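Heads up, the next two complexes both have chain A, just with different partners, chain B and then chain C.
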Partner chain A sequence: MEKVLEILGLRVYYELPQGTVKAVDGVDLDVFKGEILGIAGESGSGKSTLALTIAGLLRPPAKVISGKVLFRGIDILRLSNDELRSIRGRKIGIIFQDPVTYLNPIYTVGFQVGEVFEAHRGGKILKYLNEVINLFKAVKIGDPERRVYSYPHQLSGGMKQRVLISMAIAEKPELIVADEPTSALDVTIQAEIVELLNEIRKELNTSIVFITHDLALLLEIADRIAVMYAGKLVEVGKTYEIYKDPLHPYTKALISVLRYERKRRPTPIKGSIPSLINPPPGCRFHPRCPYVLPKCSQVDPKLVNVNGRYVSCLLVGGSDGGGS
Partner chain B sequence: MENELILKNLSEARKKQLIAMWEVFKSNRVAYTSLYVLLGLIGLVIVGLFYTPYNPYDFDLSRARQPPSLKHLLGTDELGRDILSRLMVGGRYTIGISFISVLLGSIIGSTLGLISGFFGGRIDTVIQRVVDVALAFPTVLLAIALMVSLGPGILSLIVAISISTFPTYTRLVRGVVLQVVNEDYIAAVKLLGKSSWYIMFRHVLPNVLSPIIVQTTYYLGFSILLASALGFLGLGVPPPIPEWGAMISTGRVYLFSSPHIVVFPGLFIMITALSFNLIGDGLRDALDPKSRMFLRRF
Partner chain C sequence: MTLVRYLVRRVYHSIPTLVGALLFIFILVRVLPGDPARLIAGPEALEEDVQRIREQLGLNKPIHTQFIDYVTAVLKGDFGRSIKFGTPVINEILFRLPYTIILALVAEAIAIAIALPLGIISALRPKSKTSYIASVISLIGASTPVFWIALILIYIFSVSLKLLPSSGADSPRHIILPAITLSLVLMGNLTRITRSSVIEVLSSNHVLTALAKGLKDRIVITRHVLKNALIPIITIMGLQVGNLLGGAVITETVFAWPGIGSLLIDAIFFRDYVLVQGIILFMVLVFIIVNIVVDVIYAYVDPRIRDVLWRMS
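Now for the complex of A and B:
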């Protein structure tokens, strides 16, 4: 399969006075053409930092320590601002979590979407009105001829998110990075937006990196899922395989929570996510792991291929002859 | 053809918005009335450019200090000059000076505030220290000091009032700009690769425009008072120009025997200043998009 994006050994640290936060600590990941790759993780697992890095939006104090992010073979971490601009927003579209704050309250939404065209192609904003209306049709905004003149406060949250999606797909990007695009919306709207993203993927054959803490949502739409824990990937695999047979103890725990929802009480994962300034030695999950072995606190497991899936766990890798 | 239709829709959308603003403004009865009072006053001053019942400079001691009558609607002053005529002529100085100087002060002050808040860093520090110094003086005292050093005259009056009003604008605008530049939508426009000046004037300025406009209406009232106060102190336009403050100043000797000489210019000053302030209140509501939405729903 054709790779659109290749992340190699990426480490992104935040240099703070309190210490160095290892938000992304050695991530390897591929995104293939036309797939929806879900990245799941708790708050503070580094998934948003990963999204910002892919989108080329990292700001100090975040710092890329090592690694590459190859988009179509070009390392976007080494690009200058001007070069980045030709990719970001054109080849890579971005959708953010909170649609409300990304629209200027004093301009019509049509103007603001037109501004995206103007920035990329030049000319007057008004010239692009037809294109904006077509985009609004594409993201299923009802009555687009009139909606382009609406101000953000006249639109609902779901509508605003559609407007932002239309901005992201304006230039028909090859990759869309969606950082929690549905977290600020209620569940019914969530389903519509997810459906819309799925349609866009089919129509434009775009790859989508869908980042969320909502694993259940990913099971619905993602082709593959990458589970992140404390700055590292713990398991990457096809969605149904991960659901059917999670290998990593952390993934197991997450899936079991979803499965046993109907019973009285789901089994919680004991403890909480570790500090990223002083992560535990060895496997970062070992203090909370129910299957912990003595060597877990000494050996940092690598992501290894287990029957077409990638898992970083001494238990699983060991049984396959791999391991650290 | 299609583009024409789109343009028509756009101008209609803008028109609708203006109408909505006007409706909100109208719903504030006090502000609405003040607007007409002010328009009437300005109309009187405009008429004064072409016609006055009497020559405002013609003195005739035989008809000095006459109370209001049909012949002299607002009476005559201590030299027998018609007060209405003098007010009609003096208004162009009082109102004109305050308009021009507040306009100047708001443009300079807002631009500095915009730059200060948008770029931050060293530019911000320098501008803010200048403002600190300017704000350390009481406004009236600063204006008096400037008038004394610049010498009397219309131009120095304008300069004095603008200099004493601009620091407040800078502070006000900088505060709002600091809020706006941290909004995600500004970050989003930056990502599109737009220049700082484009972002500053296209996206930040319109967001801070309504506090500027409201502040300006308040300051118009204030500067009329300031211009009159300077005129009263003899620091404004030189006599015999019938600037309203100067009229009070010369008439104050007869405050008890012929109060109308002082009362009418005083009333004119008060009504003008009050109207500006009340209109400012109405504008503040009308320029808030949320109150427009509120009106449309009910």
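Now for the complex of A and C:
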């Protein structure tokens, strides 16, 4: 399959006075053409940092320590500011979590969407009024001819998120990074937005990296799922395989919670996500893992291929080669 | 039309403020020590003469009658006659006003011209030399008394270098020192507010969106950072101009600048309570007007405020 994005050994740290936050600590991941790749993780697992890195939007104090982010074979971490700018918004679009604060309150939404065209095609924003209206139709904003003149505070949350989505798809990018695009919305609106993203993917054959803490949502829309824990990927695989047969103990725990209603009482994951300043040695999940072995606190498991699936666990396909 | 309706409503809502201010001014002036009637009559006047003057001024009437007389007169546009000059108070104020206005505008213009770029650059490049200069200026502006700045400037430019006149308002050159003095004080505040406002907007999420679109840094800064950062800066500028239009008492006195501020000092020293009343009332009016103007500018910059303001009217 055709790779759109290839992440290799990516480490992104934040140098803070309290210490170094290892937000992304050795991530390898591919994104294929036209797929929806879900990245699931708790808050503080580094998934938003990963989103910003892919979109080329990292700002200090975030620092790339090592690794490559190859977009169509070009390492976007090594691009000049100008080269990066011509990719941002044109080849890679990003949708953020909170539609309220990600729009500028003092400009009309039509103007803010038109800026994408201005940035990549030049000329006056007014020239692109028709394109913006068409975009608004595409993301199902009612009464688009009037809505382009609305200010963000005059729109509902769902509407604002549609505006942000229309910005991200304006130049028909090859890749859209959606960082918790539905978390700030009502459940009904959530479903509509997810449906919209799915349609966009089919229509534009765009790849979407869908980042969320909501694994249930990913089971519905993602083709593949990558599970992130404390700055590392613990399992990557096809959605139905992950659901049917999770291999990593962390994934197992997450899936068992989802199955709660259908089966019996879930086993809650004890403890909480570790600090990214002082992550536990060895496997980062070992202090919370029900299947923990003595060596888990010493050996940091690699992400290895197990029958087409990637898992990082000493119990699974690791050095002792055992099954689950 | 909405703007006109809004302005009408604002003026209407200013009435309680104005009445409160009138009462406050009236009481304040009455409790000041010193008997104006005796002052006018002179130290060797007879008791009858003092009494006569008191009656002329209406000072023998009960205090509430005096207040009603005062308010009625003010509503008719009559601010009374100055005891010292014998002329209508309004004439005295209007005669001094151009001097105060020009001094206020020149000082504010100098302050804006220097403080805004300084504040912006120091926010964008926190470790640069400009940023260092900006902190020094805000420190000096915020911590140095005006009269001291004035004296130092007079010492350097008038006494030592003999370059600029130190008092009066006879030529355009006379405005230079008082304007610089005032602007230094304004600059301190303005630089600090500009800097912190720009820093705050820089870290806001919508700036990230602007970057994600692929906009040029220059456009992101001017369109999505500076314009948003302007809102708190406008407040400070409005307050500063409002303050200055009421007369820069100390600066005008030190440089013998014939504005409202020095008129007020003269009036106080002469116990010219009518004039004092008039000037303070004038200051209140200036403040009310400046506040309305600032709100309108606000509404122009920020559509959220525009919606709220217009909807209320």
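What we mean here is this: the second predicted complex is superposed on the first by the 311 of 324 C-alpha atoms of A that agree within 3 Å, B and C clash if a C-alpha of one lies under 4 Å from a C-alpha of the other, contacts with A are read in each partner's own complex, and residues count from 1 in each chain.
Here is the rule we go by: a contact is a pair of C-beta atoms (placed from the backbone, for glycine too) under 8 Å apart; a residue touches a chain by one contact, two chains touch by 3 or more.
All values derive from a computational prediction rather than experimental measurement.
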Once both complexes are superposed via chain A, do chain B and chain C end up clashing or fitting?
clash
With the two structures laid over each other on chain A, which partner does A:87 touch: chain B (first), chain C (second), both, or neither?
second
A:154 contacts which: chain B (first), chain C (second), both, neither?
both
Taking the superposition on A as described, I'd like to know which of chain B and chain C A:243 touches: first, second, both or neither.
neither
For A:32 in the superposed arrangement: first (chain B), second (chain C), both or neither?
neither
Which superposed partner A:126 touches (first chain B, second chain C, both, neither)
first
Between chain B and chain C, whom does A:57 touch in the aligned arrangement: first, second, both, or neither?
both
Clash-bearing segment of chain C, relative to chain B, as chosen among 24-32, 96-104 or 150-158:
96-104
Just to be sure I follow: which residues of chain A are touched by chain B in one complex and then by chain C in the other one?
57, 85, 88-89, 96, 98, 101-107, 112, 115-116, 119-120, 151, 153-154
Tell me, which parts of chain A touch chain B in their complex?
57, 82, 85, 88-89, 96, 98, 101-108, 112, 115-116, 119-120, 126, 129-130, 145-146, 149, 151, 153-154
Hey, which residues of chain A end up touching chain C in the complex?
55, 57, 81, 85-90, 93-94, 96, 98, 101-107, 112, 115-116, 118-120, 151, 153-154, 164, 167-168
Touching chain A in the complex, chain C uses residues 204-206, 208-217, 219, 223-224, 227-228, 301-304, 307
What does chain B use to touch chain A in their complex?
2-3, 6-7, 9-10, 13, 183-186, 188-189, 191-194, 203, 206-207, 289-290, 293
